[in-house]
Amino acid sequence: MATEAKPAAPTEDPVKLAEFEARCDRGETIEPKDWMPEKYRRQLTRMMSQHAHSEVVGMLPEGNWITRAPNLRRKMCLIAKVQDEGGHGLYIYCGTETLGTDRAELIDQYLYGTAKYSSIFNYPTLTWADIGVIGWLVDGAAIVNQTMLAHASYGPYARAMIRICKEENFHKRQGYELCATLARGTPAQKAMVQDAVNRWWWPSLMMFGPHDTNSPHSADLLRWKVKQKSNDDLRQRFVNLTVPQAQAIGLTLPDPDLKLDQATGDWKFGEIDWSEFNAVIAGNGPMNRERIAARRKAHEEGAWVREAAAAYAAKHQPAAGQAA
Amino acid sequence: MSTGPNGVGEWPLWEVFTQAPGGKPHEHAGSVHAPDAEIALQNARDVYTRRGEAVSLWVVPSGAIVASAPGDAGPFFDPGNDKPYRHPQFYKTPRGVKVF
Amino acid sequence: MSTPLFEYLLRLGDDRLILGHRNAEWCGHGPILEEDIAVANVALDQTGEAQLLLNLAGQIEGQGRDADQLAYWRDETQFRNLQMLELPRGDFGFTMVRQFLFSAHAHFVLEHLASCPHDDLAGIAAKALKENRYHLRHSSEWVVRLGDGTDESHRRIQAALDELWPWTVELFYEDAVDAALKAEQIAPDQAAIKPKWEAMVTEVLTRATVQPPKGPMRMVGGRKGRHTEHLGHLLAEMQIVARSHPGASW
C-alpha cells in the first residue's frame, strides 16, 4: 500500500498515546475525529480497505455462476448474495474513508498498486457445488472473523460489521442448505459437492492468516482492540463449528489428521500448506491475474459513466455535493 | 469531484438516514457516493433498504454535516450529567401510590 | 393444447426472464459499486416476476409444468420474449436505454393488467407495476445523465438508441393471442398504449438531448419464437447445469 512506503510514522505525543491506549483498554469506541496514533490510522486503513477489496473481488467467483444457476430460486438467492457482497464492500469503503483516504484512491491501490485482498478469491469456481461450499465454508469463516470485528475499537468499522454480520447469516445458511441438497441428491451431485469441499477446505483455513507467531500486524491490532482474538484462535473456532456440520450432511473434510481432542473439545487438524498460501498472496494463485483483470476492466469501462454523471451534475446543479 | 492517482475521480459522498416503520426517528445508516441528489437517493435505496428496513430516506451531502469536536465532549455534554431533576426518578411519590 | 392466456403469460414471463438474465450479468462488473447493486436489484425483481408469471402459465396449461420447467427445459423456438431483450448487454448506456424503452412500455401494460378481470394475473401485475416504477425511474435518470453528460457519453447513448430503436416496433406487436384476450378485457390495446409510450419516451430523450433514428424498423418474430442468434447462446448457458442432471433437485 502506498502509505506503507512512506518513512516511519512521526514519534507520537507520549501523553496522547497513553491516553489513547487507556481508552482502548477500557473498551471505549474510537470515532473518526478522535485523536489516534498515525500507526493505528495506517493499520486500520490497510486492514479495512483490504477487507473491502475482498468483498468486491469476492463478487467474481460467485458471479461466475449467476447465469448458470440451475433453477430460478437458486438464481435469485445467488444474485442477492453477490449483491450483498457489493453492499458489504461499500459499507467498509465508507468506513475506511472516515480515516481520511478517498475511495477512488483505495480502489487504485489494489487495482494498480500493491494493496491486497483475501487470498481465497484467487481460486476458481469450477462447478455449481462451489457456490454452496463458498457460502458454507468461506462465508462461515468470514462470519467467525467478522463477529469478532463487530467489537473492534474503531466505531465505523464495528458498525459496518454489525450490519454485515446480520446480512451474512443468510449467506452461510443458503450455502449449507445448497450443500445438504446436493449431498442427498444423485450420485453425480454428491460427487460434485464432495469434490468442491476437497478443493475449498484448506484455502478456507488459510483465510484466517498466518500463525500468530508469524503474523506481522497482529500484535498492534490486538493491543489496540481492533482484533480481539488471534488468527489461530479464530481458525480453531471455525474448525470446531464446521466439523459437526460436515458430519451432519455426510461430507468428509480432506484432512487425515482431523480428530477430536477429548480433553479440550477442540478438533485438532493437520498443518496448512503455507507455501501455497504464500504463493497465492504473492500473486501466483490460480486466478490472481484474472481477478484483477476483471476488476480493472469493469473500472476502466465504467470511467465514461462516472465522468458523464459528474459532468451532468456540474452542468445542472453546480453545487452538487454541497446542496441538494 | 476528487481525482485519484489514475485520473478517475470519485463522486461526492452523501450520508444516508433511514426511518424504520412504526414512527421511529431517522437513523444514520451509512453513506454512498453519488453525483447528485436524485442518484444519491436511488443509491441509498438500493444499498441500505434491500431488506425492507425503511419507510423514508434522507440523503445529506457529507460536507453539510456540522459535528461537535471530540475536544468539546466534556464542556458540551457533562453539564447534562449533574441535573438529576430532569429525570423522573428525582421525584418521590407519596407512599401507597402504586400507579403514577 | 396452447391457449391464448398460456401464450400471453409466456410472453410476459419470458420478457422478464431474459432481460433479468442480461441485467444480472452486470453483477460484479458495473461502472461503480452503487450501480452493481442497483442493477442487481432490477434483475432480482424481473426474475421474481418471471417466476410468478411462468408458474401461472404452467397452472393455466395444466400439464404439471412449473416456472423452472418452462425456463430450463424449453428450446429457443419455444421462447416468446421480445428480441431486443435477448441482445447482449452492451455497455452500461445500452443496458440503460434498453431498460428504459422496455420499462416505459411495461408501465402502461402493467397498469392495464393490474385491473384486469383475471385475479391472479392482476395481482402479479400490481406487484410488477410497483417494481417497474423504480426500474423506469432508475433507467430514465441514467439515460438523461449519460445523454447530456460528456461528448463521449452522448455519443454512446445516441449509438445505443440507434441500435435499439428499430426493435421497439415489437413492443406493439399484436396477433390472435392479443385479440382473444382483448375480447376478455385481459390484454391491453397496444394501439392505445403507443401514443402514451411515445410521449413518455420523447420527454426523456429530449432531456437526454438524443433523438430516435429515422430509418426503417426491424423485422421481428420473438412472440412467435423467431429469435436472434443470441438467444440460443444465452439459453445454452442458462440451462446447462439443469439439463446436465435430468430429474435432479437443487
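By letter and in written order, the chains are A, B and C; residue numbering begins at 1 in each of them.
By definition in this document, a residue touches a chain if its C-beta (ideal position, glycine included) is under 8 Å from a C-beta of that chain, and two chains touch if they have at least 3 such contacts.
A quick note: this is a predicted structure, and the numbers were derived from the prediction, not measured.
Trainee: Please identify the chain with the largest separation between its CA centroid and the CA centroid of subunit A.
Mentor: Of all the other chains, the one whose centre lies farthest from subunit A is C.
Trainee: Out of every possible chain pairing, name the one holding the most C-beta contact pairs.
Mentor: The largest set of C-beta contacts joins the chains A-C.
Trainee: Return the distance between the CA-based centres of subunit A and subunit C, expressed in whole Å.
Mentor: Averaging C-alpha atoms per chain gives centres 36 Å apart.
Trainee: In angstrom, rounded to a whole number, how far apart do the mean CA points of subunit A and subunit B lie?
Mentor: 27
Trainee: With chain centres defined as C-alpha means, what is the inter-centre distance between subunit B and subunit C in Å?
Mentor: Using C-alpha averages as centres, the distance is 39 Å.
Trainee: Which residues does subunit B have that touch at least 2 chains other than itself?
Mentor: In subunit B, residues 11, 32-33, 35, 39, 47, 50 touch at least two other chains, as defined above.
Trainee: Show the residues in subunit C shared as contacts by 2 or more other chains, in ascending order.
Mentor: Within subunit C, the residues that touch at least two other chains are 32, 34, 37, 41, 145.
Trainee: Could you list which residues of subunit A touch at least two other chains?
Mentor: Where subunit A meets two or more other chains at a single residue, that happens at 80, 83, 87, 90, 303, 306-307, 309, 312-313, 316.
Trainee: Report the residues of subunit A in contact with subunit B in the complex, numbered from low to high.
Mentor: Residues in contact with subunit B: 31, 33-35, 80, 83-84, 87, 90-91, 94, 97, 102-105, 107-108, 112, 160, 163, 167, 299, 303, 306-307, 309-310, 312-313, 316-317, 320-324.
Trainee: What does subunit C use to touch subunit A in their complex?
Mentor: 21, 24-25, 27-37, 40-41, 43-44, 47-48, 50-51, 67-68, 71-72, 91-93, 144-146, 148-150, 152-153, 156, 237-238, 240-242, 245, 247-250
Trainee: Subunit B touches which residues of subunit C in the complex?
Mentor: Residue list for subunit C touching subunit B: 32, 34, 37-38, 41, 134, 137-138, 141, 145.
Trainee: Would you mind writing out the residues of subunit B in touch with subunit A in their complex?
Mentor: 1-6, 8-14, 30-33, 35-37, 39-40, 47, 50-51, 59-61, 63-64, 67, 69-70
Trainee: Spell out the residues on subunit B that touch subunit C in their complex, using ranges where they run on.
Mentor: Per the touch definition, subunit B meets subunit C at residues 11, 32-35, 38-39, 42-43, 45-47, 50.
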